[in-house]
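Each of the two complexes below includes chain A, the first together with chain B, the second together with chain C.
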Partner chain A sequence: MSEPSTTALPADRTRRSAVRIDDRMLSIGTVLLLGLLPIWIGSFWLYSISLLLAQGIAILSVSFLIRYSGEVSIGHNFFVATGAYTIALLQNGPNVPFLGGVVVATAVSAAVGLLFAWPSRTLSGVYLSVVTLALGLCVPEVLLYWSEVTGGFEGLFVESRIVGGVASGLQQYYVALAALCIATFVAHRFRGSRLGLMILTARDHPHAAAAFGMTSGSARLSAFAVSAAIAGFGGSILGFTTSMVSPNSFIFWNSVTLLVGAVVSLYSTRIYGVVVGAAFVTLVPQLLSNYGQFILIIYGLALLGVIIVFNVTVPAIVRRVRRRRNHRV
Partner chain B sequence: MLPVIWQGIVTGCLYSLGALGLVMIFKSSKMVNFAHGALAGYGAFSVHALTAGGAGWPWLAAVAAALLGAIAISVLVYGLIAELLQRAATTATIATLGIGLIAQGMILWQYGSNIFRLDLPLPHLSFSILGMALTAYDVAVLSATFLVVVALFLVIERTRLGVAFRAVSTDPFAARVCGLSISRVHLFSWVTSSMLGVIAALLIVPTTFLSSTTVTTFMLQAFAAAVIGGFDSLPGSAIGGILVGVSCNLFSFYVAPELLNTFLLTFMLASLSFFPGGILSQRLGSRV
Partner chain C sequence: MSDRASLIVKNVDLSFGGLHVLRDVSLDFQPGEITGLIGPNGAGKTSFFNCLTGHYRPSRGTVSYDGEVLNAVPTVGRADRGIVRTFQHAALSSELTLLENVIVGLNTARRSGWIDALLPIPRRFGDRDEAENRARRALEFVGLGDHAALLAANAAPGVMRLVELARAGVGDPRVVLLDEPAAGLNSTETAALADTIGKLRASGRIIIVVEHDMDLIMGICDRIHVLNFGAVVTSGTPAEIRCDPRVAEIYLGTGDD
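Now for the complex of A and B:
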């Protein structure tokens, strides 16, 4: 996990192909299972899982950032809120249709992300991480201060039907599922894209990348903008599935939740990994709703435990097994 | 306006103390400790529990116990993180967030979400200079900050440990080649930082009240101070703290107190644009 399998160098084909089929099967299986799920579950769980899928997109954006730039963000609720409020404002004001709203929300979030990361382009990533803390904290107060635009505490209503005749619960579910598929597909294929390869080169071989015009500063800016775009996309879908946006859904705590989800999913860009991470952060609070204070401890232990197990324990075991095998030979 | 600035300077001193702790850790181990606020808050809560909250210890004994506890916890935390640090600072940073969550959860579990008062044992004095009220609290904060900064300066400038700390923060590889124990220097910075955190927490709490989030929110200003002063400069962060204190006070007095976090965000972004690397950094070459 500390060294994500994404690297700019061509992978070892023979070893990878076997793994890749496995991964693809798992992804397709997850999508099929999620697609058929509404047959068996009631409306409460349908709603919860729609939220989970929309949340998954936001988690994916945090994983993406950690993977491609090695930066931790605890302010991604800002970009999720940007996406959600953009689509809500577009629907309530000029009455833009849903798909158009999603596109604009994604673009606006990317632009805001770029603008936010701009001052730290020549600095070490530490500054960016710390400033995201303030970014995450300022969301509710900004939304409440300009309440004549944002609707204040009550928030804004978002239309949750695209086509007539189908129950809105099902529409929300399938839109969220389709959006998560698109987001994971894009995030996964990003690795082989021109921009993705350049960002990864800038991470692994900064000087070589700089010679091709990609300094580590511009790599960080690009990774941050793409991540913010994914978060804004997730935000617009989240607004659609909850059919309303209000400051309460974008408090700082949500960023922490996103980070916990990203770590639990092992920064996965695959749909099954993202779903596992999202399921952890949505189901734990639901199952433990009577023990509010333990949620913090459980999240903390999850962060610490997953990180220590996958960075310290697993490598140690691998090393020991390898040593023993060499010994025998 | 003068009293507002003066109050800003007093609270700014506390932000400096918080920021100094963050910078100590960053200088030696190149990572940000997001658990700083929560752990300091835990220290303040244990002082409360040991004095007014039931045990009835004398204040000084409680503070000493809290400082010892903070040292023990920071050693434990460093022990958990040490191996992560050798791999990537990012994972270590996320791990500190986890530790912060655990500390916050422990506070909520043990003390609930109640609000407590935790005052310093000071006489009620106040004098007036140039139309400003100067209370015993202000004097205590200023003198405590002064003492701590002088002590820190002496340790870093004069002792062998301080020399080792400077060597590790300048060039960890060369320091290791010279036979310095990196982990001992790291431990020194973590322990010092946790003590600075507890002292800052104890001094900030009398201005408001003690709740599970007081100290963590206070630490945002400390983070801002460290960003503005430069994460690799101790004097810079001390000055940054006072700048943040004064400007925050002016902003919330004259503009809008409910937008304080937004103000801090813009202040940090502006400062990064105009003084990348902190207000005291000489612009020497690239810092990539």
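Now for the complex of A and C:
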């Protein structure tokens, strides 16, 4: 401790509050822009961006898990698939309406997440990641094994209209947008709740959280269940926007895509961050569809780039700026 | 819970394998008092402290509060009984602001659960505002009212200790356990800390401080217990401890300055 401690107490209230307003304005601006976008774009891009928004919810679920439990999952395609197949089965069987299906799909995914997280609640770091890897790899096999229920390779059809008289493309787009708004709103609001604060404390200092009434086990279970619920919610919306679900959409590769999106979005729970992450993983393969074999390399470079820039370069710059400022004072 | 409830440690032994860390320790802690625990490194202070927080379970003997034996009550359950603690290495979440870190101290007092966490119900139906106001008052109490929005990651060590005190005190606790609150602080910061610990004193409240810093202990405590080799060597007021030749001996002459 060479510096006098008083300099480490900046009265930065005004600066922080300005940053807050910027965050909110960026979110509102993003929603407005996305809301008006269908005026300018054709049906191809409308569909692409609908997918982007639905994919964004799934990316948010991975970011949420990383943020609140500090754990990395590479099996979240499992929970996305759970949500998507739940809504498809509910529509094809008992003919449950769309909204009811979404609610049930979200709840079922949360329950499945809890079921998975319970036995692995004491695992962390690379051990947990390996367990989620197993989960991610088994999705297509499970779906094909029960093909009389899941429709096998063909998959299941999902109704993509909820109101008559409006083009289904527009409906898919606005439902996906509304769903992403709801998901980011809930995820962001969660942080200030009693449970959100406790879970964040448990992530950084399990002993401190226990001393104030929450065990690290229940914090981890809670974070995983909410993350799985968001993933399932995203899955049900993804089923709606693609109007079908099939094993091909939920291969292990999708989990990697979600993780790449989460890293590129800097684990953001804000809508603009999520959209940037989702845009990267959905638009890059589309724009470079002629160079398919390079997409893996681009993903790898992006991961390296983002991780190095934000964990090494940016902190170094911040340190340098601070040092210079201290010299001047 | 009576206002005069005391914390009673009776015949506590603690051993790890063949290593006896605590031997037949019996101490009473009275409400309204600040009690200090001192002793050289390895004397068993931290082990004793961990028996109070529930981190360790005594091999023999009992720890009881208000007539209830706490031996089998886990750390989480002690929070419900109004027993709180601070940490030697400030255990604040770096991603949260000072205010949010203090709100964590209200966890067991709050009713809100999953509905408030996930559904967009208006703030006035939840207890977020109430918790925020209480936490803000606690921050003002420790003199950090102007820094509520500061991220814990950017706070100085002395500030973090004060925030830990605010977090421990915000829920109106019955027992406050302070684990080396002055470790790593300079003398200015320690003085501010001593002031604040003194202000935490309340009629029904037991405050226990484990500490190396003699000035802090002598300045704020009503009673001091001296531990060495896992046993209580002597107990008394700061003045008595200061003059006790056994204490000077334990500290090789540094105990009386």
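Some observations on this one:
Assume the second predicted complex is superposed on the first by the 308 of 329 C-alpha atoms of A that agree within 3 Å, B and C clash if a C-alpha of one lies under 4 Å from a C-alpha of the other, contacts with A are read in each partner's own complex, and residues count from 1 in each chain.
Methods note: contacts are C-beta pairs under 8 Å (C-beta built on N, C-alpha and C of every residue); 3 or more make two chains touch, one makes a residue touch a chain.
This is a predicted model, so every value here is computed, not measured.
Of the two partner chains, chain B is the only one touched by A:124; chain C is not. By the touch criterion defined above, A:74 reaches chain B but does not reach chain C.
In the superposition on chain A, A:192 makes contact with chain C only, not with chain B.
Within the superposed three-chain model, A:243 lies out of touch with both chain B and chain C [touch as defined at top]. Of the two partner chains placed by the overlay, chain B and chain C both lie in contact with A:215.
In the superposition on chain A, contact is made by A:304 with chain B only, not with chain C. Number of chain A residues touched is higher for B, counting chain B against chain C. When the two structures are aligned on the shared chain, A:205 is found in touch with chain C, with no touch to chain B.
Counting contacts by the rule stated earlier, residues 1, 215 of chain A appear in both its interface with chain B and its interface with chain C.
Those residues of chain A that touch chain C in the shared complex are 1, 5-6, 8-13, 16-17, 185-186, 189-190, 192-198, 200-201, 203-205, 207-215, 226.
On the chain A side of its complex with chain B, the touching residues are 1-2, 66, 70-72, 74, 116, 118-120, 122-127, 129-131, 133-135, 137-138, 141-142, 144-145, 206, 215-217, 256, 259, 263, 292-305, 307-308, 311-312.
Listing the residues of chain B that touch chain A in their complex gives 26, 30-32, 34, 80, 83-84, 87-91, 93-95, 97-106, 108-109, 220, 223-224, 226-227, 231, 256, 258-262, 264-265, 268-270, 272-273, 276-277, 286-288. On chain C, the positions that touch chain A within their shared complex are 53, 55, 74-76, 78-80, 84-85, 87, 91-96, 100-101, 103-105, 107-108, 110, 112-114, 116-120, 126-128, 131, 146-150, 154-159, 167, 184, 186, 188-189.
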